[in-house]
Structure formats: C-alpha cells, structure tokens
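By letter and in written order, the chains are A, B, C and D; residue numbering begins at 1 in each of them.
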Amino acid sequence: MGMDHRSLRRRVFDLLERDVPGDRLADVIHFGLIAVVVVSVVIAVLGTVPSLGLRDGIAFGAIEHACLAVFVVEYLMRLWVAPEHPLRRGMPAWKASVAYAFTPFAVIDLLAIVPLAGSLFGSYELHGLLVLRLMRFLKLARYSSGFNALFLAIRRERYALFSCLLILASGVLTAATLMYLVERDMQPDQFGSIPAAMWWAITTLTTVGYGDVVPVTALGRVIGGITMVSGLVMLALPIAIIATSFSQVIAQHNFVVTLSMVSRLAPFTDLDPKALGALMPVLHSRSFDRGHLVVRKGEKTGHLYVVLEGYVEVEHPDGVERLGPGGVFGVAPGAGMEHLTVRAASKAKVLVIEENELHTLMARHPVVVARLSGMVFPKTGA
Amino acid sequence: MGMDHRSLRRRVFDLLERDVPGDRLADVIHFGLIAVVVVSVVIAVLGTVPSLGLRDGIAFGAIEHACLAVFVVEYLMRLWVAPEHPLRRGMPAWKASVAYAFTPFAVIDLLAIVPLAGSLFGSYELHGLLVLRLMRFLKLARYSSGFNALFLAIRRERYALFSCLLILASGVLTAATLMYLVERDMQPDQFGSIPAAMWWAITTLTTVGYGDVVPVTALGRVIGGITMVSGLVMLALPIAIIATSFSQVIAQHNFVVTLSMVSRLAPFTDLDPKALGALMPVLHSRSFDRGHLVVRKGEKTGHLYVVLEGYVEVEHPDGVERLGPGGVFGVAPGAGMEHLTVRAASKAKVLVIEENELHTLMARHPVVVARLSGMVFPKTGA
Amino acid sequence: MGMDHRSLRRRVFDLLERDVPGDRLADVIHFGLIAVVVVSVVIAVLGTVPSLGLRDGIAFGAIEHACLAVFVVEYLMRLWVAPEHPLRRGMPAWKASVAYAFTPFAVIDLLAIVPLAGSLFGSYELHGLLVLRLMRFLKLARYSSGFNALFLAIRRERYALFSCLLILASGVLTAATLMYLVERDMQPDQFGSIPAAMWWAITTLTTVGYGDVVPVTALGRVIGGITMVSGLVMLALPIAIIATSFSQVIAQHNFVVTLSMVSRLAPFTDLDPKALGALMPVLHSRSFDRGHLVVRKGEKTGHLYVVLEGYVEVEHPDGVERLGPGGVFGVAPGAGMEHLTVRAASKAKVLVIEENELHTLMARHPVVVARLSGMVFPKTGA
Amino acid sequence: MGMDHRSLRRRVFDLLERDVPGDRLADVIHFGLIAVVVVSVVIAVLGTVPSLGLRDGIAFGAIEHACLAVFVVEYLMRLWVAPEHPLRRGMPAWKASVAYAFTPFAVIDLLAIVPLAGSLFGSYELHGLLVLRLMRFLKLARYSSGFNALFLAIRRERYALFSCLLILASGVLTAATLMYLVERDMQPDQFGSIPAAMWWAITTLTTVGYGDVVPVTALGRVIGGITMVSGLVMLALPIAIIATSFSQVIAQHNFVVTLSMVSRLAPFTDLDPKALGALMPVLHSRSFDRGHLVVRKGEKTGHLYVVLEGYVEVEHPDGVERLGPGGVFGVAPGAGMEHLTVRAASKAKVLVIEENELHTLMARHPVVVARLSGMVFPKTGA
C-alpha cells in the first residue's frame, strides 16, 4: 500500500477518465468498454426474439456473463479510484467512494449490474430485469457530448418547453372533445370516450397519423383538417425552441471539459473542490485550428481565457508572447483588451470565462478570480 | 365595512393576483386553484369512459360538486375585488365588477361554472355541457406565460400566416381536383367528389398520412408524390414564420409583467388607468443574474429602464449608484448613454421601454414620459 | 369619347387597381370580386358531390351563370383600361389591351371564363372544364402578398431547391431499389417493380407514411428505418432553405408596392415605361409606426429613400425638415448620411433603394438616378 | 502523337470539364451526358415493371446498349485526359490515369459500366446488377453543387449528427422496451420481441406513422403519446443542425470552383499540384452583380481576393483601378484594408481566402502566400 497504492490508483483513474491526451491504453479501454456495452445491449435485444432461440444457447449465456463481469469490475474500479477525483480531494477514501456511488453515472452503472443478482438467484425470464439490462445503453451517455448538450438545451428552455406541452395538451383536449361529440355515435369503438378520442388527437397533432382511428363524417373530417393545420403550428414551437437552444449550447461548448482536465492546469492545481465546482459551469470551451484568431484586434471583450491544450500567440504592442497549457490571457476584470490579437499557434483548445460570469464568480469566489488575475497576460497597468 | 372592508378587499386581490413576491399564502392559493382545475378536467375526461362507470359513483359527483363550489367562490371573489385593479381605479365598485365580468378571463371563469345550472336543473348527460366543463382547461391560460407568448406570436404574424393558409388552401384544392379527375372511376367511394378528395389532400400535405384514402393508379401515385414534396414546402412556411416570431416574443418578454406589479412602482403609483393601459404594451421585461451586464459601456441606446425587482449598479464617470425597485435609468430621450455601465447587483428584473416606443409614448402620453424623464438617473445636462 | 372617355377609363382603372388609399368604392369592388371568386369555387367543389344533387338545382345554374357574367365583365373592363397602366403609357389603346391580354393574370382571368363556352355550346359534364373552373381560385393570387412572397422566395432559391429535389430523387431511387431487391418475393404486389417501390419510398422519406405499403421482412424493416432517418435530413433541407428565403423576402417587402402607386409619386410621374420597369424590382418597401426610427444617427448607409405614404421628419444639424409623399431623402450616391436621424412623424410607408442596387440602376438608367439625386434632401455640398 | 496529341487531349479535357466559360460544344456534351444518364436510369427502372414487358422489346436492349457504349467511351476518354488535370501535372501519363481511376467519381463511372460484363457474359436477370445500373444516378453528383453542399454540411456537423443518432437510438430502444413489456401479451405478432417493437418505435419517433403496428391497450397508448411528443424533439435536433450547417455551406460557396478553373488564373498557373491541393479547400466563392459592393469602405478585413470572372473596380485614395480575371486584391496579411471600396464593374465571380485560413496556408505553403502577396493590389508600404 502507501505510495505504490496511491500512484496505481491515480494511474487507473487517469485510464478510466481518459483525459490525458495521447494515452493509447486509455483509448483502448475507452473503446473496449463502449464495445462491451453495445454487445451487451444487442444480446439483450436479440434475446427477446423467440425464433432465434438465443436464450437457450450456451454462447448467449457466456457472453452475457462476460459482459456482466466487465461491468462489475468497472464499477468496483470506479468506486476504488473515486478519491482521485478533484471534487473529492481531501476526503477519506471510504467517504469519497460513498459520495461517488450516489452520482447519476454510478447509479446507472449499478443498475447495469443488478440483473446479475437475477441470474444468480432466480430466473432470467423476469421481464422487469430486461429494462435494467437495456438501461446499460445509458452508460454510453458518459462518453457522449451530444447527450450532455441535449440535456443542457432542454434544461435551459424548460419553461418554454413546458408551455409548449401545455399548449399541446389544450390542443389535444379540444380536438378530442369536439371529435367525441361529432363521431361518438358513428364509431363508438374509436371515439366512444374522450380518452379514446385523445389517442386520435395526439396522433394527428404530432403528424404521426397511424390511420387506425380516422373520422368518417363530413363534420369530423373538417375538424380533423383544422386539427392537422394546428398540428403544423404545434410542431413549429418545439422545433424553434430546441433548435435555437441546442445550437447555442453546441456553440458554447464545442468539446467536453472534465473536472480532471481542468484540475491539471497550473492555475487550478491546488484549488479546493468547492471552488472547482463553482468554476466548472462558467468555463466555455472553444477549439481553434492553427493560425485561426482567438481574439481579433479591436474586439471589446472582458473575457478571461485559459489555454487547455496546444499553444497560442498573443500579439501585443511590445511583441509576441507564446502561451501553453495553463497560460492565462485577457485582462483584469473591468478593462478591455482592444490592443491584442491572439492567434492559435497550433491546434489549440481554450477555456473562456465570459465577462458576465467573471463578475458572478468574483462575488462568490474572489480567491479564484484573484489567482487568475494575478496570472493574466499581459499585465495591466499597476 | 369602510376601511376594514377596503383593506380586506385589497388583501384578497393581492392573494388572487399573486404579484407581491414572497407571499406564501398567495402561492398556496395559486397552486391550489391550478390543482382544482386539473382535477376537474381529469374527472370530466374520465367520466366519458363507459367501462369505468364513474358517472354513477358517489365520489364522482362529490368531487365534481366540490370543484364547482371552488370555481363559484373564486368567480365571486374576483368580481368583488375587481375595483382594486389598477385599470379600474376610481370607478364605482359595481361598475368595476361589471367591467371585469366582460374581460376574456372572467368569461372563461363564468363558462366554467355554467354546468352547475345543468346539474341543478336538469340532467348531467347533456353533452353540450361537456365542452363547457372541458373549457375549464382554459382557466390555466391565466397562469401561463406560454399561452400568452403563442398568442402574441400568432397575432404579430397574422398576415403572413393567413397567406400560408391561402397557399395551403390552393394546394389542397389543386391536389384534390387532380386526384378527383384521375381516381374518380377507380375508387368512387374515396375520390367520388372533390370534398372527399380534399380529405386525402389535407392529410397528405400536412404529412399526417392516415392511409385510409390512398391513390392506387400509377398517375394518381405520381400526383400523390408531387403533393407530398409540395407538402414539405407548405410545412416549412409556418414553421419558419412561427419559429421566428415565437422566439422574438420570448426574447422580448422573458417573464410576465402584470398591471398590478407595474402600478406598485414609484413612477407609476398615481398614474390614471388610461396612461397605465398605454404603458403596458411598451414595457419589455428582462431578468438578469447577479453580476450580469444590463447595459454594456459604449452601447448606443436611447432606451429607458425601470427596476422592477432586485438591485442594479450604474457605473458612471463620477462613481457608482445603486438603484432598487422603482429606480429609473437611461437618458432623457434623444441623447445616448454611451458612458454608462449598468450591472445587476442581485438577481434583478428590469422593465425596458425601447427608444422607438418611447417616442410613440411621448406623442400620446407626454405626462408619463415627462415623469419618467424627471426621475431618470443620471441627470443629463441642464 | 375624348376627354370624358379618358377620365372614365382612368377612374375605372383606379377602382380596379385599388391603389388610391381611402377609396371606399374601390374597397367594395375589391372585396366583392373576392367574394364572387370564393362563391364560384365553393359552388364548383360542392357540385361534384353526388349526394347533394346540386347540379340539377336551378339555383346552382343561376349562381354559376351570375359568377361567369361578373368574370366576363371584369375581364372586358380590365382589357379596356389596360392603356392606363403606367407600363403601357403612350401605347395605342388596342396595343395596350393586347399586351395586357398576355400577362399571367389576364391569362388566368381568361381561363376562368372559358367554361362559359362549355356551358353555352355543350355539356356541363365535361370534367376537363372542372379544373378550369377551380383555377379561378388563382384569381385570388392577384390580391395576396403571400403568394407573391412565396413565389419570390422559391425563385430566389431555385438552384438550392433543385439540388434538394435531386438529393430527394437519389434517396427515393436508392431506397426503392434496395427494398425491391429485398421484398420483391415476399410482397410481389407492393414491391414487384421499382416504380411500385418508389411509391413506398417517397411516402416514407417525406414522413407521410400512409401504411398501405410496408416492409415485412427483418432486412426490409432495417432498410425502412434507415430510410426514415434519412427522411429527417431530407426534411431539414427544404425547411432550412425556404424558411430563410421566405423570411428574408418578407423582411424586404413588408407591403405590396404596385406600379401605379409608384407612378403617382412626384419623382416618377413622367418616367417612361422602360425606366419604371427597371425601377420596380429595386424598390424595397418598409412601413413604420409613428415615432419609430427610419434612419438611426450614425448608421453608415448609402441607401436612397422615397416617402410613399405619411410623413417623416429628417433631423439634421441645421434643424428638422418634414417630408411627405414623394419626398426623397438620403444622399447623393457615394457619400454617407451619418449625421441624420429620420423618424416617422405619422404611420408612414417608405420605399428604399439599397446602395448596391442604386449603382446598378445608375449604370443602366442614369436619368432616373440623376432625377432622384436632384430631389434628394439634404443637399450634399456642391 | 507529340504536340498534336497533347493539344487534342487538352481540348477533350476542357470539353469534359466544361470550365472554360462560353464553350458551346462543352455545354452540348455536358447536357448530353446528363440526358444519357437520365434515360439509362429511367430505362432500368421501367424495366422492372412486368406489365410493361420492356425487357423483351428490341428497343429496350438497343437503348441500354447505346447508353453503355456512351459510358464506356466517356470512361476511357476521362482516363486518357487524366494527365491534363492540374493535380496530376508532371506525372507520366499512365500514372495519372491510374491515379484518376481511384478517385470516387471514376469508381462510380466504372460501376456504371460493369453491367456491360453481365450482359455480355451472362444473363440480364441478375438483380445484383440492377443496383449497379441504378448507381448511374450518382454520376449526376459530378454535375450538382447541391450534392456537394449537402456532403460538406453533413461532414462539418458529423459529431453533432452522430450524437443525434445516439439520442434517437436511445429513444427507440427505450420506447421499444416499454412497449414490448406492455403490449407483448396483447399483440404477440406485433410486439412479441424487442426488435419487432423497435420497428414501431422508429416509425413513431420519425413521425412516419405507417399504422401497421399500433398499441391497443390504454397504457400502451399513453407510452405511444409520450413517444410521439419526444419524436417532435428528435425531429428538431437534426433539422436545427443540418439547416444551420447547410445554409452556411451555401453562403460560403455560392458556386462550384474546380481545380482547372483555378489553375488557369495567373497567380496559380505554374503552382505544383501539392500547393494547388492545399489551396482548393480555403477558396470560398462569391458572385456579385454589376455595381454591387465586394468590400465596403471601413470593413475591417484581412481577407485576400482573387478575381475569377468579370471585372472589379478598387476605389482607393489615389484613384480607381480595374482588375480582371487573375487580379488579386486585399492586403499583405496582418494589415487591414479599411480605406478601400471594391465594387463589381460587371457580373463578377471572386475567390476569397479568409484571414484565418490565410495564416494556416502561410504556415504550410509560404510559397503560395508569398506569390499572392507579391501580386496584391494595392501595394502596402515598403
């Protein structure tokens, strides 16, 4: 144990998080785990097809058990390395593991191995377990920035989307009631109650249009036509909202930044977990190709920038300065940086703290801002 | 009566309007009324399902009557407190109540309790009453900014949307006529008349596609294919219009401002109802997080701002000024405010009157603008 | 004849064109003609429903003949007043009428009265004539700015939309071929040939999804799923193109400008038809509410503006000037107008010639630009 | 052979590439080849309709063989002229032909003539060959800028679109699993396995809605309704992404630029293939009408412009300069060109190298940038 154990734990943590660029073994583990998830889900899906008769095959059980074994090992590993996470620095190891066990990803991982119990102590046939097996697909969310962006986009516009739902509900209710009154006697099976008519209404308003329930009277068809046209408007609302929100989220975060990446940078190495947690949501990520402008001369901006990967060149009146990972540029909050041009000197990833959020951060965590301001290049007068 | 009655009426008005922030009792009443509406609508919907047999149950009648009682009390209360509404200040009480009774929300509330008469004097089975019972859902519109935004978005673009409808009508008519000529003899039941063919056409152009009526001849299918592709264009038009309009409306009003909120602010407390009515539509609402910029230095803007909630700090060449609810900033119309930075000092809600609309307002209600200009911070020269 | 005939013809032209604002009689004729078109189309549609038996009714024939009479009178009137049109100024009367008879709207009007011949010389039952009767709906296009905007939007993006069609065609062809190979033997009736499979493919790619033809094999369903997802992308392309184009067209032309409106303005009264024709497409239309800014101080613009209706106030360093219909402002081409603020003094409609198009116009019709530059306010130095 | 052969090869290359503007014969060949592709595909499609019996007709075989002959000749011609392509300058002829044979378009062309072998050595009935015959449609991609734009738009956003696919897959999997659990016993044929339920799920989420498989239980319909509403969100994601990307790609490249066009311009005539290859992707294309502004005075831009067709006029403080095809304007990288106005003197096509990409290019191919900088107008100080 001791130092050996600590450095091994650190190494395993880095392998699982895969945020040291260029670590080949981490890449292999990363894509290996994704493959195991995909195989496990495909097996679970195909296992429900009676004609394939997969459930009785030996290979089927073997693959299922092998996947389970991988997931169990992965889960235990992640519990073990939890204290290495920057957010849990300084906690006792057992406390860090418990804290980790209650994070959403850890819960998903746990659910992914619960069917193990089912297969050991009882029958495979429990269909409730099937859902849990398929939930393994959610393990992929950990590796995808798209899920994250969709989640953020929906959360940002949750009030507007809720309004859309309310409007949709009113539309469904109104269309269903009218159709119930009109077609009730003609088609008692299809429109004999309002809930039955609501099935038709939702099908029509979302333009899915199964055709299992359709109006047959002239008046019913007129109401149907009006419902369809209203459906186009209903369709337009969430498309407008989600589209705008999603593209803004993607514009702000064009790659995923993880806590452990940030905690490796010079300005943040010994920051306490609370300050780090406050910092994460205000860090926007941008990547630049070699030669592209990070800051154009004359741009009025009070943002603060931290280089994450690669190099940038700051062209200022007195010369050119080259900054690498951990380099901070911008200005002390309040002043501008109109006289600078900043250009990527290689393929570079840069973290941006926007002026607005810099102020919010300063009010809550003055230490973080003070540290960044002290490291900023170029120094502002006095 | 007298003073006691007046202050009680005021208190009830504030509870029902729920625009004094932080009033817990008002919150309880607010969500309680929403719950009663939802319960009442769910009961009405489920009551139409014959297999559930809810209509004969005692509980069903009891809940229905309880909901009705709540709505009646709410309606009478709202009539009673109507004179407290800023728009009806100075009216005699009975006149204010009558004026209120003709507002759209009051009409909806009245329709929500009409089925009461049906249950007292006759049979529950009248299906016409059902629609009225379900109309209660519209009572929720009072509480939702989304309905409001959709309504504004549609009204703003009503001419463009009407054009879309005309284009859609031409498309339906053309597709139906062609299909009638082609498929009339093959499928006399489905395409035997143009109105019948129009059902197919609207179903296809909106991409609902029930499939209850489909062309079977080769030529009919070619016409069908062209109709579908035209449908994509038809689909694009309202999506483009509504999407743009809806997102602009949401951007301009990111929270709901009510008359009684505005009438509580210092600059507007003793404004007459007519001036208040003129003011409301030009007030745009914006909310800001602590530290975020309300006005960026160098912005060329002639807008006028009134703080509704929270605090802002105006940074001007001579120092920093803190403004609370009712505080006005900007400049006397015509000049700019390029030298100011305004920042939210706490979570703040701010009302904005845009430069364009300030001029319109000045032409019609010079008193309002004169008052605002007199209170504006910082004072402009002379 | 002589002067009397000329002024009567002018009066009828103004009534039919309805572009003198506030002419009540013109409004009555305008909406009367629209009503006749709608009635005529509704009659033609309902006439095809056998169960209504309208065709045998006396009223049916009477209304049909009355509508026809109105259309014939309208057509002859329009032919007669054709020489009053600014584009045909100076032509002999018969030549102007012939020229008018070949415009698209005149052709539509002629087609609308062709069924007259059918009813006089033969049977009503000719179904080919039905399409012509329904084509009367297109007469409404004359009165709608939406049709016009859609037409312009589609024409602007005709190359991009053609590419979309090509992409859609490739998608249909590929999906149909694959499905034909896979499902040919299972469902020879539905997928027995590629044209048959193409019906399924177009139905699926446009997300209409009738369901009359669906794959039943596992492989067929996988191909079907891929086709559907590709359909989402196909859907996105025209929506993106039309949406952008339509909203830009509406932004540039927010009301319809007709030649006769323009030819009434002081700068254009004695312009020859050719120059007028060159001018029309470069006139963008904007309407402003009272008090709203037409030109904001500091805007760098070389546009030229002509007031069409209402009044604007030009605020320049030496004072304020009020301009009414026919007033021209902006600057001689090449200079800027940074020192002006222009504000609508009433509800105003303004025509804009953009800087880019002013140069094009100057190259082709220097006379028009010279005239406008001579009238421009304020005068630029020397 | 010798000079004669070389100049003939050059002439054939120019005819096939059709990038010398105004070459009538090239236009005829261009549209002729398109017509042959269309005829060949239509024949292949119609040949699968048994009722038409085309396969046995003599004309059918004759047309098919004629098309094949054209494609073979075209393919051989393209192989022969391959050394004329600027990218293969200086290669031995055979090497250039081999290099060409492995380009995507050459592979498509080869696949288009493979059925020849089938018809010579065996039966026409091989259905695998059918797909290859229809792949000829892809030959049209060579002539369409739309295919190219869609391809670029999809490639630019491949990560975001992949995320959409993952989200869609999660949605399909979740909906299918829930529906399988709920409807398995009621409809064992439709929902008897998860893959079967996935067919319903993908049909519903993409709003295609065939209606061949629909839920019948109350709970199933509730899940179905939630799936449909989620489908609207799924629909919104790719529409938002593709729409934005596609319109940006079209904005950047509003006409197709080919290598041979570029290699004809003075600055690029003797550039080696590698430098040319590096240049192509950074050339954005813009077309301007006569009189329109290419660069507006005061625009802060460090872009470099090369005239491709037509003429532009550069208005600088010392006068006006006219530049024709091959003319370069802008500034030496790093400085601005705020004092210039550039205007199209005729319908003009201009290539733009954006400032960002100019730097990237300078780092990799300093020779190209040095040459351009040397030709730039106006000369920057010393």
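Things to note:
By our rule, a contact is a pair of C-beta atoms (placed from the backbone, for glycine too) under 8 Å apart; a residue touches a chain by one contact, two chains touch by 3 or more.
Just so we're clear, the structure is a prediction, and the values are computed from it rather than from any experiment.
The chains touching chain C as well as chain D are A, B. Note on A-D: across the candidates C-D, B-D or A-C, the interface recurring with over half of the contact pairs conserved by residue number is C-D. Two copies of one chain, chain A and chain B, form a contact in which under half of the residue numbers belong to both partners. The distance from the centre of chain B to the centre of chain D, each centre being the mean of the chain's C-alpha atoms, comes to 46 Å.
Spacing of chain B relative to chain C, judged by their CA centroids, is 33 angstrom. Shared contact sites, meaning residues of chain B that touch two or more other chains, fall at 195, 198, 207-211, 235, 239, 241, 243-244.
Residues 159-160, 162-164, 166-167, 169-170, 173-174, 177-178, 180-181, 184, 192-196, 198, 204, 207-211, 214, 218, 221, 224-225, 228-229, 231-233, 235-237, 239-241, 243-244, 300, 355-363 of chain D are the ones touching chain A in the complex. Residues 207-211 of chain B are the ones that touch chain D when the two sit in their complex. Residues 41, 44-46, 48-50, 127-128, 130-131, 134, 137-138, 140-141, 144-147, 149-150, 154, 165, 168, 195, 198-199, 202-203, 206-212, 235, 238-239, 241-244, 246-247, 250, 289-293, 298, 343 of chain A are the ones that touch chain D when the two sit in their complex.
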